[in-house]
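Two complexes come next, and they have one chain in common, chain A, joined by chain B in the first and chain C in the second.
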Partner chain A sequence: MLLALSIYPLIYSVKLAAADRRNFTRLFTDRLFLTASIQTIWLTLSALSIEFLLGLALALLIDSLARGRMFFRTALLIPMLLPPVVAAVAWRLIYNPQFGVLNGTLRRLGFHTADLTWTSGESSALASVILVDVWEWTPFLFLLLSAGLQAIPPEPLEAARVDGAGAWRIFRDVTLPLLKPTIVLALLLRTMDLVRIFDQIFILTQGGPGTATETVSLYIYRTAFRFSNFGYAAAMSFVLLAATLLFSRGLLRAMRAR
Partner chain B sequence: MKRTRAGWYEAARKAAALVPYLAAVAAVFIALAPVYWLLTISLKREVDQFAYPPQWIGFTATLEHYRDAFAGGSFAAYFENSVLLAAISTLAALAIGVPAAYGLARFEWPRQWDHRIGDWILSTRMLPPIVTIVPLFLMLRQARLLNSLTGLAIVYTGFNLPFVVWMMRGFFEEVPKEIEEAAMLDGESRAGALLRIVLPLVRPGLAATAVFCLVVAWNEFLFALILTQTEAAMTLPVGIASRVTQYEIKWGAMSAAGVVAMIPVLVFAAAAQKYLVRGLSLGAVKG
Partner chain C sequence: MRNAAPALFLAAFLLSCSRTPQRSLTIAVNAGVEGTALKAAAKEWGEANHARIEVVELPYANLFEKEQLDLTSRTGAYDVIMLDDPWFPRMAADLARLPRDPDSDFVSTCLEVCRNPYKTGAYLALPYVGNAQLFFYRKDLFEKYRLAAPKTWDDVLVAAKKIGEGEKMYGYVMRAAPGNAVVADFMPLLWAFGGGVMEGNRAVCNSPPAVEALRFMLELGKYSPPGYAGFNADEVSAHLLQGTAAMSINWPAWIAAMDDPAKSKVVGKIEFSQMPGERDPGVGELGAWLVAVPAGSKHAADAFDFIYWATEPAQMKQAALKGNPPTRRSIFQSPDLMAKFRSYPAQLASLESARPRPRTAEWNEIENSFGIYLSKANDGAMDPRAALNAAADSIQKILERNESATHP
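Let's turn to the complex of A and B:
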């Protein structure tokens, strides 16, 4: 079963892509593939760093509360659990420049909203997509980092406090190093999901306007299932696969180190 | 009443202690507002949906969109498809994966193998779906399983399987070997010991693993989108998506479908809360 669903498709797509060698040479001259790759990398890096910082801040914040921790933790997880399609639909309702609730609320507060086009503006579309991802997946970083924080034994923190270390010193020299394995793991897991992001963009922008939010997985989808060019789609899949494998090696090492 | 200096200091300290709570409440507001907004749209009359200023509370509620989507529309059929798919693929993945996980946990494997099997299981989980979808599409087309729930169920079983094996192996390894050895001395067969002694012990873990499979199958979009293009085999996410890309969008019915689509996930997540961290980190963080 595993064999049929993991190895065989791979062999099949090697055959498919290799049937015509131009599939691979085309990769290097395809402007759209380059754009999609750059945008995927950009999206991954920015979403990842924002989600990490926010997630860490939230984890520290909730951890410091004396009461209500369980409530806040549960409520904050909800965005991540929703079907991505449903989350994206909600954000379309929010983002719509004319009748969306975001611009409606901003206008109500006295802002000028005519230029705020969110996902339908060429320059703001990618940032808007990133914002949705941050909303949806910061909870993931928050959850894992929270669990990591709770797993830190109290003794070293206590010892540092007795030695007279300030809050920042304790965080930097004790908490952060002890949290590092969890951080690495969470970042790698998130990276792999970001690299293959599809659902939200498909609903929010379909890669547009123009090519403003085109990503590699969306481009592969279009090539294969709109233009029926399966060979070229398979060739592009390999580039994505190679990138993911690179990351997953790191991930496996991180998991084993725990 | 005039406050003393110490009194002011005390008041300021109390106010400062509230700041973290305010920040936490703000975060919860941001996390939930989009979900709440979707809910209101699904309950508003069409004239109120995009009214300015936006109506957060106090609108006239109606259930007509739910009726539209489920009684009159095709969402009831999509819902049924999604339920069937999630249930069947989860059961199948458990039926194959649990014995495999038990075998991996209990029998001696050469050290090198052990690593390799683990890595392999994990890497199938890491494959970007778009990479396997082209060949899968062509394979299913050849087997005439395109646009059928059976085809999709096989695929879902396939990508939940590695996860089941991986998670259950972890849970099995936490059960001391001696317990089932004692049972086997008492005349139980190994299968009997697994069924009657070990499985009840790992039941919470088993339930959590099942919940994860259900949620993955329930939320999955890309495979369903590509492998089922006929109305009859559509799942809930694909049904919703196919409405969004139409020219004229019926937001009410769609939000209603969205709300219905998220309810089971939230219920399941609440049920498996204790194991969320472990499942989401592929077992690496035992939360």
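Let's turn to the complex of A and C:
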């Protein structure tokens, strides 16, 4: 089963990519691939940072509540339960500059919205895509970090409190180190997911305007299934895989070193 | 009697084996209005011929990739495929040749794209849906401001300015999202100004007429809603349907919605006409849907039977009643259909003069690259000349890489 579903396709894609050496040399001269790579890195780092900070803040806040934890946990999970395609379609309608609910609400509040074009603007499109990802996937980080917080035994926290440590000191020196394995796992999972982001961008912007939201996975998809150039698409996929592995390894090392 | 039982069993078994196997067809169709009629036709043909019909309905983006995979690997997964005409040059090598040439009732522009090479080669498909771009404009507002029906793009610009200012609405709306959207809205302008994308194996999309056409497009953009650089067909049509824009290039698939009170605030107010011209006569882009039989089909005889039957006048009339623009002149000119569809004269004129996208197997990649730079220019990220120079450079690389043979 493993041979049929994983190993054979992997070997086959290596064969496709290596069939023409130009598939790899072209990577260095392809401006679109370079643009897409930079944007993928930028999108991954931005979304990951925001989602992590928000997820951690929410986890700490809700963990500290005496009542209503269950309600907030359930409510926060709703965006994550939606299929990414459904969420993207909903956000496409929300972002519509003239008929969308976002600009409509801002107009009612007295804001001038003529220049707020969200996914249609060269400078705002990537930020708009990041916002959708943050909305949908912060709950995932919240869920993991929340579970991590609950797994921390109460004794070290009690001992720190008895020793007179303040809230910040307890968080920095006790909670955070104990939460580290969960943080690493959460960041790794989200990184792998963000690097291959596709659905939201495909529906929200198709990579545009221009190349403002073009990512590597979108470019791979087009190259393989629209331009029927499977060899070059396979070469790009291997570069993406290598970059993800390197990044994950770097992240693991950095976390271990601290 | 006991000895007869095995013999009877054997006879029954042999009889069941000798029965003619059930006829069957698997048909790949576009999930949209264009595919609905073919689906219904397939069902009817299946019932009449006691054949098992399986219809695989796929969204536009997936249809190409599934069909392309089936064609190149010759798996025979589909017996009949529905394909958009720009896909034809890429797929042609893996399509089966038609057993007989189509009749002359079909509009010639639709037939020409079914031949490989373009216009001169063997027929490999039959035209099923006669899509060609039309120009949509608000007749009531043109009358109010005493404007004549737009014959040139300059007329369009004057009207966009006048209506935009007078009505506090957008005088024009276009789609300029990268890829197919912006290219489809730019091509009629490019052709009207005397430009083109390629000449043989040379990219010419940065010629002076092309730069002028793009500058004109940006001028029209001043009367379009903000953010049009991210618009697709949905957004353009929403503006027309809501009465917030006065003119646009659009496809016949949206005509019905314009006159549907449940969807439109402008029922009866939109007029449909041929594309305006400028230096050259106005022509719209051809976007015909074709039906073909893959070379790998295991039921080719039945598949050909079906596509000939589905494109006969009687069947095409049924498809037209379901909302498909026909590809036969006789259907466009049928009095009862002309009474039902007021846009038919404009549609036929548009279809007869429509121009297909350049006939190259690399069109998807070229369109993607061209669209990126057109979208950048419309978004203000690049100057028109710089955008077209970059597009020409990129297209040239694609052409050289693939050594593609093109036919203008």
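The rule is short, and it goes like this: the second predicted complex is superposed on the first by the 246 of 258 C-alpha atoms of A that agree within 3 Å, B and C clash if a C-alpha of one lies under 4 Å from a C-alpha of the other, contacts with A are read in each partner's own complex, and residues count from 1 in each chain.
Please note the rule applied: a residue touches a chain if its C-beta (ideal position, glycine included) is under 8 Å from a C-beta of that chain, and two chains touch if they have at least 3 such contacts.
This is a predicted model, so every value here is computed, not measured.
Touched residues of chain A, counted separately for chain B and chain C, are more numerous for B. When both complexes are overlaid on chain A, the residue A:F99 reaches chain B and chain C alike. By the document's definition of touching, both partners, chain B and chain C, reach A:F225. Legend: residue contacts after superposition of the two complexes on their common chain; A:N23 is shown touching neither chain B nor chain C. In the superposition on chain A, A:A75 makes contact with chain B only, while chain C stays out of contact range. Residue contacts after overlaying the shared chain place A:T119 against chain C, while chain B stays out of touching range.
Contacts of A:T40 after superposition: neither chain B nor chain C is touched.
Within the superposed three-chain model, A:Q206 lies in touch with chain B and with chain C [touch as defined at top]. Using the contact criterion defined above for the overlaid structures, shared-chain residue A:T175 touches neither chain B nor chain C, since it reaches no partner. Of the two partner chains, chain B is the only one that A:R107 touches; chain C does not reach it. When both complexes are aligned on chain A by C-alpha atoms, chain A residues 96, 99, 206, 225 touch chain B in the first and chain C in the second. Residues 20-21, 23-24, 27-28, 30-32, 34-35, 37-38, 41, 50, 52-54, 96, 119-124, 126-139, 155, 157-159, 161-162, 215, 218-219, 221-222, 225-226, 236-237, 240-241, 244-245, 251, 254-255, 258, 261-262, 265-266, 269-270, 273, 276-277, 280-282, 284-285, 287 of chain B are the ones touching chain A in the complex.
Interface residues of chain C, counted against chain A in their complex, comprise 64-65, 68, 72, 90, 176-179, 225-232, 235, 238-239, 242, 244, 362, 364-365, 368-369, 372-373, 375-376, 378-382. Chain A meets chain B in the complex at residues 1-2, 4-6, 8-10, 12-13, 16, 58, 61-62, 64-65, 68, 72, 74-79, 81-87, 89-94, 96, 99, 101, 104-105, 107-108, 135, 139-140, 143-144, 147-148, 150-151, 182, 185-186, 189, 192, 195-196, 198-199, 202-203, 206, 216-217, 220-221, 224-225, 230, 233-234, 237-238, 240-241, 244-245, 247-248, 251-252, 254-255, 258. Contact residues of chain A toward chain C in the complex are 32, 96-99, 114-115, 117-122, 125, 205-212, 214, 222, 225-229.
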